[in-house]
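Both complexes shown next keep chain A, but they swap its partner, so chain B is in the first and chain C is in the second.
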Partner chain A sequence: MADASTLQSGPGRRLRTPAVLVALTCCLLVVLALGLGLGAVRVPAATLLNTLLGLDGPRQDFIVLGSRLPRTLLGALTGAALGLSGAIIQSLLRNPLASPKIVGINSGAAFAVLLCAFLLPDAAARLTPFAAAVGGVVAGSVVWLMAGRLALDAARLTLVGIAVGFVMEAGVEFLLVTQTGPEFSAPLVWLTGSLWGRGWTHLWSVAPALGGLMALALLMSFRLDLQYLGPQRAAALGVRLGLERGMLLVIGVLLAALSVGVVGVVGFIGLMAPHIAARLVGGRHRALLPTAALVGAILCAGADVAGRALMPPIEISAGILTALLGAPFFIWLLLTEGRRPGAPR
Partner chain B sequence: MRQVLAQDRPLGEGAAVLRRAALPCLALLVVLGGCALSLATGGRSDVGLADLSGLFAGSGATLAEQTMRDIRLPRTLCAVFLGVNLGLAGLILQAVTRNALAAPGLLGINQGAALGIVLGLIVPALAGVPQSLLAVVFGLLAVAATFAISGAFSGRIESLRLILGGIAVGALGFAAVRLGYTLEDDLARQVVRWTVGDIGGVRMPEALRLGATALLGILAAFGLAQRLNLMALGQAASHGLGADPMRTLMLGAGVASVMTGVCVSVAGPIAFAGLVVPHLAKALAGADHRRLVLVTATLGAGLMAWADAGSKLWPGFSEIPVGVIVSIIGAPWFLAIVLTRRASSHG
Partner chain C sequence: MIHLEAVAAGYRTFRLAPATLSFPAGTLTALIGPNGCGKSTMLKVMSRQLRPSAGRVMLGEEDTAGLAPRALARRLALLPQENAVPPGVTVVELVGYGRAPHQNLLGMQTGADREKVRQAMDRLDLLALADREVGTLSGGQRQRVFIAMALAQDAPVMLFDEPTNWLDIQHQVEVLRLMRDLAREGRTCVVVLHDIAQAARYADRLVVMKAGSVIATGAPKAVLTADLVRQVYNLQVEVHPDPVTGTPVPVPLEPGRDRCVEPV
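Coming up: the complex of A and B.
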């Protein structure tokens, strides 16, 4: 997250923001195109274009339109949601080390989805997004309530979040070993965070909700600047932040939880995207939020593409790649942020 | 030093004597009860404690006696020794980091060791190296990384950064483990079962390896006990009394990594045992590490024996791996510690 000096950025930054957004959008488009072309079967660019325009045969249709297009779009969508969620949560908690994973939302959503899948196997497919949302919100609320006065003690909140996450993970392990028979591996692939086997139905099951929440978050982004000042200073300026704060938190939690519900725990995107975005455009949230969403989309869709392209036909789960990238990033943050005055300890 | 610790005991003389006598008896009962239950249960209901006698008589002729000798006994011993090793590793780590939340699993040692083993399985060049050695080496690397992140080598460990660093190192190690079994399909099932801490397939050689480690670990912990006590007084006091805290840290991390690494190579990464056991021991036996070593070892053995029995007694079509049982106990415990800790103790 940006510190106070980048928050009050000069006009130079303001000019740069649109350029950054355009560049990132181009980057995302490239990743999406790669996502359609790369994999166990390589589709050359010309064929790809023909297929998208509807000029090619049914074989490419099946691979490109039926399988890769929804999957890549879903990767970008959930990545954007996770990036936004991370940016919102880091700002509200004023904690650069916070992320949906660290505060226990991901594990809560995962636990709820598994519970739902084992208790109601028939209705599981339809209920999954709902279960994920409930699980994420419950875990988030538990962390919130247990940590108490959360804005004032970032360390305590983080530890409580980690602890609640551990409890949820223990529950996930328990469900996995008691409830699954031979078909052990499907939930396991999902738990490592993978877009494998995701299609149009998955995309449509979360796209409206995620789209709506993201739009709402972007609309409210300018309010985050006030939130970032902290409750006391905002109150001194005559702004009441309670309700908005709650709304924004719920939006942040829901964005992450719904994403987990459909693609599993793709970790560290919510942590990395806001930091990268803050380096690019500074800390004003009207610029930061869309940038974080784009960065998140690139990271998630990119991890999926890389996982498919690195050693076909083996697919490496996107969650593994984001963790391999994100864990060192997190360590680097710990080493640098911790040394800064005013950072949470 | 000795006087200081003696004065630490607030109890009267009579109560202290009673407590000193009651505690070992109670602990021993717990361990024996857990072992008996663990030995008496299993897949074959016709195998019971009575078959243990055949072992000492040296016959081992009947099927029941063989089952007891080759399957039940190694497994129970394994659980007991796992408890000793992990409990002591946790005790040492909590002392050297002066952090109640430290444990092998939370500082990344478990995951580092797991990575070492997976590397041994998939990298041809490492094929000849013993798994325990790889586990220990990578566990050491992991804990060194976590300590470096937390600032331990520059003299002051920050509590939150220690835990977050451990989580980051652990996440990295575990992502690499998962990458490993994505690449090697045959491994997947084996590794998955192993990563949740399953000791169902353990045989005598592994159990004895754990036992030897446990014995050496207890001796090493006794050797370190005085230093650990000094650490509790603070770095400066420790320095003043002639024990270099940095050296204590290194020695402690080394001993803990060896014990954890061997455990992981046998049973997979069992989380939270190293967290819970030392806390229980401290609640029962106070703060003197010379006493805590034995109490922790006993309690660890007891806890794991009971957990193993529980894993076999679980009413379902398959056993719950003992690691999962420990997690179900340990994760809420971690939460409870976080919640009850004073906000001021973040140092």
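Coming up: the complex of A and C.
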């Protein structure tokens, strides 16, 4: 028999959310520290501390403060945004296999970047983040508007997203096959999703927007809980379906598109992070969203530092590592998701 | 109470004929009729999930068309036929979602909210399952969770679309008694049922529909005749009194077969 006090505490089987958040934060700090210390040049811990705290003694200001700190922070920030975006999109579509990629954001961004390199070769490098964000938002909006015309149906929205994604990918491949000029080498590296050469300017160009969107997403976590109940049930509980759905989708699309714009297509984080988070803290978005953000930050920053540390001085793109890690995870997900109780039917 | 004034509605493929109907407070009304006759559509119109193409749906003195969504949800609860089960959410959390229209937009629960949730779970015999994940429950247990969610909404008007689906007979009877009790407490309860005998046994009034039109309304004993069942369901029946309650029970006749017990 459950009395009122156990009703509030939640299930014993599920890990307590605050403990999980603290543990993940510690984990993220370790990854960030590794991100500052590891790479082509190893910076010892003492030097790292001296540098960060501005103490006397051996310091590595240029490598640590000028290069690795903004790059690692940017990795964590975009990873968090991708994880959060994935969690929002999966819940909104009520599809555990959905991700920013599924609603066409990644391929929309990729197509826009290549198109930009093709049309404006001189300005391409400078315009890459902007073009990617625009492309992602346009693709996301097309999907949303088309699905909106077909009534607010999660399954159709997913299918429309896949279809739009294919069109965009066809465009990407057409440009890659027909264009071989030197101006296409930078977009190619960007396509694999890399934090190489990202600095403070990149960080500040997206940090305020991503921070604001993330805060907004966390505030809407309860509305996302209600959306998951399906349109009829949610409407019966007083949810303004179209408005709230639209707001959440715009937040999810912008989070992913801005991230892709600045670090490129780092795949699978938006797919993996929400699933790992759900296993840790359950399905309530108040717990799920911050957890997914932290997991995404750890995955992205971790993939970046691993790519730098595995075989220096060669860097492996974070996107390649997340794909290597993500593809087996995706298959495992397909194999186990149907058997998992509570998976949407 | 909820009152339909010459309400017509529909989709491209299906139309509800204009109907004027009253569902008074303190009564349990059962909507019956064959599959596809518009029972669920009627509930959708009453809960404003489908806007009427003509006429008005009045909640007391107010036109539902003018109510804000949350204000409407505080006054009218709906249990739809299909309910999605969110993964990784426990019974107490899901029932708690029923408090959404009473909470702020962030979903902060007060002590009063938690008490309503506890009462709703208690009435559906769910306290022992409070911390189980809904996805791990059986179909019948899930159905009770969703009924509890609607109950936690604590609205004076409650609409249930086939609430006895998935339930074994013990819980069917418990749920029907619960709906009758809710009506006795002064609520307006409208329930779509498939089992005519159950509808006649527990409801105060029947609304019989066929092909988008209301065919008959009234007390079960007055409405439920062999003629009506033949007209609505195209089925030959005899109507016998329920041995316990005296309410009408339609019993289908088998062509070419004599009855083995003479009617009383």
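Operating definition for what follows: the second predicted complex is superposed on the first by the 277 of 345 C-alpha atoms of A that agree within 3 Å, B and C clash if a C-alpha of one lies under 4 Å from a C-alpha of the other, contacts with A are read in each partner's own complex, and residues count from 1 in each chain.
Definition applied: contacts are C-beta pairs under 8 Å (C-beta built on N, C-alpha and C of every residue); 3 or more make two chains touch, one makes a residue touch a chain.
Quick caveat, the model's predicted, so the values are computed rather than measured.
Residue contacts after overlaying the shared chain place A:235 against chain C, while chain B stays out of touching range.
Judged by the touch definition given at the top, the superposed model places A:174 against chain B, while chain C stays out of reach. Once chain A of one complex is fitted onto chain A of the other, the partner contacts of A:49 are absent, as it touches neither chain B nor chain C.
In the superposed model, A:94 lies in contact with chain C only, and not with chain B.
Contact with chain C, but none with chain B, is seen for A:278 once the two complexes are overlaid on the shared chain. When the two complexes are overlaid on their common chain A, residue A:317 makes contact with chain B while staying clear of chain C. The contact surfaces that chain B and chain C form on chain A in the two complexes overlap at residues 344-345. Those residues of chain A lying in contact with chain C across their complex are 1-2, 4, 6-8, 10-12, 14, 94, 96, 219, 221-223, 225-226, 228-230, 232-233, 235-240, 278, 282-284, 286, 288, 340-345. Contact residues of chain B toward chain A in the complex are 101, 145, 149, 151, 158-161, 163-165, 167-169, 171-172, 174-176, 178-179, 182-183, 188-189, 192, 196, 272, 314, 316-318, 320-321, 323-324, 327-328, 330-332, 334-335, 338-339, 343, 346. Those residues of chain C whose C-beta lies close enough to touch chain A in the complex are 47, 49, 68-74, 77-80, 82-90, 92-93, 97-98, 100-101, 103, 105-107, 114-115, 117-118, 127-128, 130-136, 146, 150, 153.
Those residues of chain A lying in contact with chain B across their complex are 97, 102, 146, 153, 155-156, 158-160, 162-164, 166-167, 169-171, 173-174, 176-178, 181, 184-185, 188, 192, 267-268, 311, 314-317, 319-320, 323-324, 326-328, 330-331, 334-335, 338, 344-345.
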